[in-house]
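These notes open a run of structures that come right after.
Paired with subunit B in one complex and with subunit C in the other, subunit A is shared by the two complexes that follow.
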Partner chain A sequence: MSATRAPAPPYRQRAVDLVRTGRSVPTLLRHLAVAVAVALVVLLVSYQLDSYRNFQLATVAAYLCATAGLTILTGLCGQLSLGHGALMATGAYTVALCQTAFFDRGVTSGAVLLLSLVAAVAVTVTVGLVVGVAAARLRGPYLAGLTLAVAVVVPALTVTFDGIFNGEQGLPVPVAPAPAGLGLYFPHERWQLWMAAGATLLCLVVLANLVRSRYGRLFRAVRDDEVAARLAGIHVARTQVIAFVVSAAGAGLGGALLAVLAQSVSPGAFGLNLSLFLLMAVVIGGLGRLAGAVWGAFLLVVLPDLTHSLTNLFTLSPATAQRLEGNLPLAIFGATLIVVMIAAPGGVQGQLSRLTRALRALRPAGRS
Partner chain B sequence: MDRFLFLTLDGLSRGAVYAAFALALVLIWRAGRIVNFAQGAMAVAAAYVAYSVTAATGSYWLGFAAALLAGLLLGAIVDIAVMRLVDHRSPLNPVIVALGLVLLIQALLGMVYGNEYLPAQAPMSRTALTVGDTALLSPYDLFVFATVGVVGAALVWIFTRTAIGLRMRAAAFAPEVSRLLGVNVGGMLTLGWALASGVGALAAMLVIPTELGLHPHAMDMVFVSAFTAAVLGGLDSPPGAVVGGLGVGLLLSYVSGYAGGDLIPLAVLALLLTVLLLRPGGLFATVTARRV
Partner chain C sequence: MRTTERRGLAIATTLTLLLTLTACGSDDGPGSGEPVPGVTDTEIVVGTHMPLTGPASAGYSKIAPATKAYFDYVNANGGVHGRKITYKVMDDGYNPATTQQVVRQLVLQDKVFAVLNGLGTPTHTGVLDFLHTNRVPDLFVASGSRNWDQPDRYPNTFGFNPDYTVEGKILANHVKTTLPGRKVCFLGQDDDFGQDALAGVEKVLGTDGVVARETYVTSNTNVAPQIGAFKAAGCEVVILATVPGFTALSVGTAARLGFRPQWVVSNVGADHPTLARQLGDAAGLLEGMVGLNYLPMQGDTDNPWIQLFTKVNNEHNGGAEFDGNAVYGMAVGYLFVQVLLAAGKDLTRESLVEAVRKGGYQGPGVAPLRFSATDHSGYGGGRLSRVSGGKQTYFGPTYETDEADGPVNEYTAPPVSPPANGVPNA
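This part shows the complex of A and B:
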């Protein structure tokens, strides 16, 4: 491709260009094109699906922000966080408080939601910075333990300070209805899907560019060998803090979107299990690849649904059904996590790329 | 002053349990460089076994023994059936697998026993004995001290005075050399897991009657407190775990006595953050942390 350029730039300059862009089309344009294509597909799909499926897809989008953020941190930078459920709670509660404040002052236009989402990301980034700075000196189990403490403590705080957070009851999230221009009978769920998908695509474009940028390479260098990274002049602790803050921003946006979709927040939804789910989702999807985060987000929504219909197949006593209802998805999540870690550490995306590599190897050589 | 004395004794009793649980974490950390995040769930599972046995036989002590046995077995099973198969090259992998175990064990317990609090009985009175007008220790507190003391002494005896303890330390310290000298390194690791899990089960049996009752998530907060205690002690040092456990117990007792029980989780997080920021190696670190 570069052969068509004339005259060819000196070798050194070409190498620099290649490293900078990866391919001949600028990365940002490529990612934007993919995002626009996905947006069109979502738009078409939103008219085909019923309201419930639209809502589910919107939930997938919300989870995707958080799993993509966690993929950056755990998959790319090699740090384990069990606190992302708590970071999502931070975003969710911020959005609830902001929206309530706006609506109390009579500002009910849909545009204030943007402000609230930005505020949610900003607050979560601040919290992420505090945890990240504390965590940057920590390795492996220490970081996991600290973030575990954050995950257990943050939901408890909503009860401690129930004057602000209203304890176990949680807070309502007032959200403006779909714009009147879309028609009187425009389903609210479709509008929710558009909002969630728009915010998530924006978030993913930013993250995908980050992965391809200098910072993405720094993250990977730190993950693969801290000593070597340090010797190469990389500030390891600063890189880890940046990774943590970026991934906190993703989690904050995801939590805020979840709160907007559910139109309420309560501490029960953001317990330790949510953090474990997110981790499970990125591990099963495939650590270190944003595509893995997409698989993970789908899994988070589809698996509970699937187990629900599975338990409906059998006639069970109400008590047994109730016990299975909440716990069967957890058991399946846990067992899958263990099996994937032992048998296929690359997750779904790892197996897929292995499959495509195998198929490519089958094709006759010549065009590589 | 009376209140201070009462809170101190109460905190020491609570701290003794944290110390035992932290000791279990340290045992596995020293044996295999793994922080066992599934320790809490495994201990709760053992406590549920005790609940079933006690309900069937009517005897608390049979249940107590069953819990210890179940703890030992569960530890060995987890090591042989799961942890041994995990790729340990990345330190993340065993942690992630342990978290999978947490989800699995808690879900299974919820399926079998339901997700509500079951009453957990204490073997003796929990009302404090009074000297003059001052409320001091309850018989149950004395039982806790005695049990943790016996277990601690037994662990010290095993590791310093017996051949098997020497082998366990050798297997953890220099696995390759130990293997050349004929030590069954894998077996020693399994034994370490069994011992740690047994101690964890004991801690769960001691702490659950003093809290809300038996629940699949009953040990979540205890785990966080015990992890804080272990980090405070350095994660590598058994005496450090005991001192850390007692310290955390005292702190939590004062916080809940003077400032309100709601603040306990926040106090634990603040303590953990402070320790990690000021002295990440813990108070009793014997090996300097890796500096990069």
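This part shows the complex of A and C:
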């Protein structure tokens, strides 16, 4: 079922919903089943891949939390945010400060990480609430401006209050090693993938359910026409704040996971570039669909790696290679964005669902 | 109903298969005959992270090519115990977050034997734990932070530069003895680099001895507020714990503000050719700048080490401009080859670290290398240099001291000469 942007979707949407609920299992159960299946695939894959790929996959999972949150906000509720990198930084710094506090007091068990992650989400939600309340009053370029300011200010705060955040050097994130029960030589990266994938799947199940819930419909109504939504009795500002808070929670968890994976946090990881990359990734992946967020998260991790191998392929003069190294990912990202916008405005996922729809249309003919 | 059942059965079967496969997956334990990562009979793969781009790349981007050139020279002379050295250089742009990524790539994907000369205090600090848990030798970090000297916590990490506290003490000692009574101010990088250096300066001059302290961050290239504060405080001597780009910025900004103090600069930010290139036509502003160094001065063409390194630079580095960074890079390469030789033919990560711990290495440096089981810091002192007539030369004796409250002493051991073919012999 796709969140169509067509002018008169409500009737069709409801019709589809009725048909679905009539014949299949409840949404929550369906989502849980998919999550369990994905978890098993990840488990299998984690044994087949080498450590570095495991680490990369864990990074994808971390980014996925953030891109999924942004998908809810931008794709579903129609609000723009250029500040999600900063929200990720909030989550990351919270987890760093919590973990350090725990370890300084001699609490080094792996379970405290859960507490730290919850704290990270809670703090980010608070920040998201403040930004969201302001954002709900703004439209278009003003909203972009506000969130842009957040993206620039938050990393700068870490330098201004370097007593707490230790400036550009950043903070360490002490993390307990994999449980001893897994064996002495259990690769740390595989454990990291398990942690990140577990948290991300939980986050995705919650978000997917939200999309299918009353709130999902409210978000879509507000996105498609605010006036119509207001006439239908929807509190537009409140809905927008809720969307912002939900997406902030995703970003906070994503940032916290990134910090746990890197075992350190520094402002350089959460600059303005990250915020822009996140938005680009969501758009390229396919705005408005959680599956699109998955493609986006993959792109965020694969692209820099790809360009690095690309520059290594050619024997360039050191100077040219250096110049390409930093800038090529940006250029490729930009070019991809333009191509996707022209050729497939629905992003990767939109293109895929068009393909499957075309295949489905062919199938009955083939069978009979 | 039937489709649901069939679907359920299909899913159940798939899951069972997946689980079985997973159970069969192997845990990689360390088998007894497991090969050493990055080492074969013919090759040793070593990696590093360097700021090839970004705010700290000025000058520093030339270090890794110089080290690589020296390795190529050694390879052309038969390698070490028959093995050629491959040096993988990754750009981290002096951004700690990128360092995390590239070092993981080096260790997990490229499977390097060791990380050599990773550059930067904020950048390298972030990967210490990762390298430690992966048991990767982390040799000769290109920074003078005291973080590298923690044998109990990071038994495989060793520094190279004199630590910034030692350096701060020697620089401050110079100020105290030759420029007594002047108002001294301090500008440092806003991390352990700046803090360690300031600690050293204050050990000698006392906390009251520094009139104004300022810090800078590499992501902000405007130092006018800091320099303005120094001018307002009436500073006569400014001690800089800065990377080359920010030494040049400070000197240039001061000139614009009509402020001409005596500059006293940490070794990592005092390479004259690098600064002169940055300042361009304004290179004359560097006249009289006092710096510290512990390796042969690039312009000293009579020095046998400089002759050797110039030759290597011409043969294997495309005749790149020969500055302090080139000397530094080659000195690192020379020391690494010495250690590899000492580690013996049966090269493992353990034997390499053990070889460094044994210490007793002598190379191009004018100051002593201090490696031992309990000391993982690098050079233990240095000699002061001054720019005069557009040329940077040493003056006075070589000093050595410790990072605690010990006095600053003269170091008198004579320098050694390089071996005839330029490759250390066991």
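In the analysis below, the second predicted complex is superposed on the first by the 338 of 368 C-alpha atoms of A that agree within 3 Å, B and C clash if a C-alpha of one lies under 4 Å from a C-alpha of the other, contacts with A are read in each partner's own complex, and residues count from 1 in each chain.
One rule holds in what follows: contacts are C-beta pairs under 8 Å (C-beta built on N, C-alpha and C of every residue); 3 or more make two chains touch, one makes a residue touch a chain.
Quantities reported herein were computed from a predicted structural model and do not represent experimental measurements.
Novice: Would you sort A:188 into first (subunit B), second (subunit C), both or neither based on which partner it touches?
Specialist: In the superposition, A:188 contacts subunit C only.
Novice: Return first, second, both or neither, reflecting whether A:167 touches subunit B, subunit C, both chains, or no partner chain.
Specialist: second
Novice: Would you sort A:213 into first (subunit B), second (subunit C), both or neither based on which partner it touches?
Specialist: neither
Novice: First (subunit B), second (subunit C), both or neither: which does A:342 touch?
Specialist: first
Novice: Could you look at A:27 and tell me whether it touches subunit B, subunit C, both or neither (first, second, both, neither)?
Specialist: neither
Novice: According to the stated criteria, A:159 is in contact with first (subunit B), second (subunit C), both, or neither; which is it?
Specialist: After superposition on chain A, A:159 lies in contact with both partners, subunit B and subunit C.
Novice: In the overlay, answer first, second, both or neither for which of subunit B and subunit C A:148 touches.
Specialist: First partner only.
Novice: Check whether A:126 is in contact with subunit B, with subunit C, with both or with neither, and answer first, second, both or neither.
Specialist: A:126: touches no partner chain.
Novice: Per the contact definition in the header, classify A:52: touching subunit B only (first), subunit C only (second), both, or neither.
Specialist: A:52: touches subunit C, not subunit B.
Novice: Common interface residues of subunit A with subunit B and subunit C?
Specialist: 159, 323, 326
Novice: What residues on subunit A touch subunit B, complex-wise?
Specialist: Of all residues in subunit A, those touching subunit B are 74, 78, 80, 82, 134, 137-142, 144-146, 148-150, 152-153, 156-157, 159-160, 226-227, 230, 236, 272-273, 276, 279-280, 283, 319, 323-324, 326-331, 333-338, 341-342, 345.
Novice: Taking the complex as given, what residues does subunit B use to touch subunit A?
Specialist: Listed in rising order, the residues of subunit B that touch subunit A are 29, 34-35, 37, 82, 85-87, 90-93, 95-97, 99-108, 110-111, 114-115, 217, 220-221, 223-224, 227-228, 231, 235, 262-263, 265-266, 268-269, 272-273, 276-277, 280, 289-290, 292.
Novice: Tell me, which parts of subunit A touch subunit C in their complex?
Specialist: Subunit A reaches subunit C through residues 33, 37, 40-41, 43-44, 47-48, 50-52, 55, 159, 162, 166-170, 172, 174, 177, 183-189, 262-264, 266-270, 304, 318, 322-323, 325-326.
Novice: Spell out the residues on subunit C that touch subunit A in their complex, using ranges where they run on.
Specialist: These residues of subunit C touch subunit A: 11, 14-15, 18-19, 21-22, 25-30, 52-54, 61, 65, 91, 93, 95-98, 100-101, 104-105, 108-109, 121-122, 125-126, 129-130, 133-134, 190-192, 217-220.
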